[in-house]
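To keep things simple, chains are lettered A, B, C and D as they appear, and every chain counts its residues starting from 1.
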Amino acid sequence: MTLETWLVFSAALFCVGLCGALIRRNAIIVLLSIELMLNAANLNFIIFWRYGVNADAASGVMMVIFSIGIAAAEAAVGLALVIAVYRHFKTVNLDRIDSMKG
Amino acid sequence: MDAPFLIAAVLTLLSAIAAISLRNVVHCALCLTLTFLGLATLYLQLGAQFVGLTQIVVNVGAVAIVIVFAILLTRSSDNPGESRFNKGAIWAGLICAAVFATLVVAINTSYVSMKSGAPAPPLTVEKIGHELMGRYVLPLEAIALLLTAALIGAVIIAMKESNEKGGGQ
Amino acid sequence: MNVPGKGILTGMAQTAKNFVGSYVSKERMTTVQYPEEREPAHEAARNFPFLVFDKDPEAGLRCVACKICEKECPPQCIYIVMKRDENGKPTKQPETFDIDVSVCMSCQICVEVCPFEAIKMDTDYEYGEFDRFGGLLLGKDRLAKSNQYYHKIHPTEAAEVDARLDKERKTKEVADKAKAAKLAALAKKAQNAEKIAGDAKGEKKQ
Amino acid sequence: MQQLDQIFVTLKAWALGHVPEPLQVPASIVMSIAPIMLVFPGIFALTTVAERKLLGRIQNRLGPNRVGPFGFLQWAADGLKTITKEDVVPRNADKVVHFLAPVVLLVSALLAYSVIPFGRNMYAIDIDAGILFFFAVGAGTELAVFMAGWSSRNKYALLGAMRAIAQMISYELPLLLAALAVVMATGSLNPNDMVAAQEGGRGWGAIVPNWFVFTPWGFVGCILFLIAAAAESNRSPFDLPEAESEIIAGYFVEYSGMKFATFFLAEYLGLFVISSMCVVLFLGGWHAPFPFFWCDWIPSWAWFLSKLACIVLLYIWMRGTLPRLRIDQLMNFAWKFMLPMALINLVVVAVWKYTRPWDYFGAELVRWLLCVGLLALPYLLLGRNLLSNRKWGPRTYRYAS
């Protein structure tokens, strides 16, 4: 297992998330793709912690722990926003949510 | 390349692709859960036991459930005739491919100090606890505040209009 | 003082008492072990109809095949054919009397309409059969039960019925006697008249 | 006595000696998993009969007594029946998810067993963050419940699943916080360390075991854990996700035959494993209660199983006694009583730990009084609040408009 393999894998995961965020119409799927990208970034932290020069410092792991916490908060607020938007527009299709002050 | 990594990586990638491409939104959410699980096993393979298990507790136990609830509450009734993809989906796909290619090239050409992993450092839960209470105590408090704010904010955002509606009826 | 959680503990203690008590006292038990022991049927219990006979299960049937019950039965589970003698003359006996108990709804209307107290409700409930079509179609032989059995299962009601029947029989007997007496009187009168006439004739002859 | 205590460990070591070198690791894994997979479904089978008999006695009936001696082979009849029943899948159901739901539930229930120490040196895996692993695999339960409810395409199933998830998430917090009290006291997330911390006894002749349930915070924590565990495993009185009389068995209304049996099995396995966790956390794990010599004759795994049996019997007793809660009562209880109590309990653990070095005369009594007072006062206040806060009025009905 080389560092490159891990990094390529996490890059692939990140690009899948990016692709999902760009191509889908459904707001929830877009949020879900952002979640994927966040996780790919987390994976990078862990990889660099594991393959880094100072693995004893545990800073990568700490970063991921905080990142997971933030991701949870982000998911909660993001989905609350989606629900609020749905109440207003009666749809979660991002192409239709195009007017301000609806 | 060892077998556990290969299995987990393929599973994670395939389920991630399924999560962004399936028509049924609930299926997407379930596939995302599978991705989270695969990622957790990858964390475990990297020797980050605490993070892997936290990943399962938070992402599978909470985030996936919240997503699923949101899906059911919004009842995203895509009419079947309509495409689930954007108008510019092809361009977006191309951009993603370009990003991926750039990243791969960057990874392979950059100088990396340590090519293969040293034996995993023993990172006990106790040590993480000491770190959290010592060097990282300020971020910990900050994240506690953030989570509280997020909780209250999410409740207010999701409740606001239903209150107005309730008053109106 | 109203300590929160007291009610839960009281309830738990009550069920624990039930649990222990069920081993100690037999009277607590609300159920019986069915095939071995049975609870006696209530007097007013009713399940499916049966036919009452007085002495002979074939000839003693009170039923006269009037078919009122057949007509009144809401789910139409009764089927009656009247018996005819060798000359084709109808008798007051049923040739066939079938009740399909899989259809019967235990409404007791047949009992209410019967003018002859011939059909009554049974308390028996063990009709289990392996053949669910033929086995539940009860014929005359299985329906016929004695008046003593009727007395056993519904003593009060049977006593009333018997008293009524006795009264009817008595009034009938009285009526019969009166009729017979009347007839006898008429016959005597006729005889007398004949006699008188004969006498008169004789006298005339002389 | 040592031999009997370690009989399974010795047996495994002996059997492993006969396995060729390259196969030792998989053989060891199989030999750790197989006993769990055999013993606990067996206990499940017996529990179903025992539960019905106990409930019967509580209601002054006899319970099942026909199949086998005293009806104790009833489980075989029930099992045969469910296996031979037709497996009906609704036409509109999402077939794959519908099939996967019971599997996921069973797998997550079984995985949780791997960190429980069932006796001295008897555990499947020994990981640093055992408690975290336990709660992590518990997350699969919620997902499985959702999968079952959603894939059935049945409104009752979906309602049941939604209720179940809301309930599980609400009660997971007190459950975790109650477990966290023990983590605070022992300073470890490893179940083996927790059991080790509860060895021995105190008082005259060490008569009172050092179990955490015999401390103020441990007692409260144990009760909170037991209540939350009942809610987590959908046991009565918190069984409204599968309330038969309201939403016809909730999320598994569309399941039949073997899949239904799998759900049933997984539910009981979840109950056993969460009760086992309670034994590990608060009831001293596999330690014998008294320091008497005869207690050492009984093997440690027998002590563990008997403690487990006591908790399961307590759950059956509760099921026979308490009526089902309404959904608003359930949520009020979780958020307005359980959660504050669990948080206060954490504070009390800290006080308990902080006052440990006190050694002047009567310090122990002061320590106890302080902790009991810190717990009793909020209990009374919260309980009063919960009881007085009932806004009972005439029932209003809202029809679908």
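As a convention for this text, a contact is a pair of C-beta atoms (placed from the backbone, for glycine too) under 8 Å apart; a residue touches a chain by one contact, two chains touch by 3 or more.
Keep in mind the model is a prediction, meaning the values are calculated, not measured.
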**Message:** For subunit B versus subunit D, what separation do you get between their C-alpha means, in angstrom?
**Reply:** 29
**Fill in**
Per the C-alpha centroid definition, the whole-Å distance linking subunit B and subunit C comes out as 79
**Between subunit C and subunit D, centroid-to-centroid distance (C-alpha), Å** = 61
**Asked** Once you find the CA centre of subunit A and the CA centre of subunit D, what distance in Å lies between them?
**Response** 34
**Complete:** Note: subunit D residues in touch with at least two other chains are none
**Prompt:** By residue number and range, which residues of subunit B touch two or more other chains?
**Reply:** 50, 54, 62, 69
**Asked** What graph shape do the protein chains here make by touch: line, ring, star, complete or other?
**Response** line
**Fill in**
Listed by label, touching pairs are A-B, B-D, C-D
**Interfacial residue positions of subunit D with respect to subunit B in the complex** = 97, 127-129, 132-133, 135-140, 142-143, 146-147, 150, 158, 162, 165, 169, 172, 187-189
**Request:** Spell out the part of subunit C that touches subunit D in their complex, as residue ranges.
**Result:** 2-5, 8, 11-12, 14-16, 18-19, 21-23, 28-31, 33
**Request:** In the complex, go through subunit B and note every residue touching subunit D.
**Result:** 26-27, 30, 33, 40, 49-50, 53-54, 56-57, 60-62, 64-65, 68-69, 72, 124-126
**Fill in**
Per the touch rule above, subunit B residues touching subunit A in the complex are 1-2, 5, 9, 12-13, 16-17, 19-21, 25, 28-29, 32, 35-36, 39, 42-43, 46-48, 50-51, 54-55, 58-59, 62-63, 66-67, 69-71, 73-74, 76, 78, 82-89, 92-93, 95-97, 99-100, 103-104, 107-108, 112-118, 120-121, 123, 127-128, 131-132, 136, 139-140, 143, 146-147, 149-151, 153-155, 157-158, 160-162
**Request:** Please give the residue numbers of subunit D that touch subunit C in the complex, ascending.
**Result:** 54, 57-62, 65, 317-318, 320-322, 379-380, 382-384, 386-387
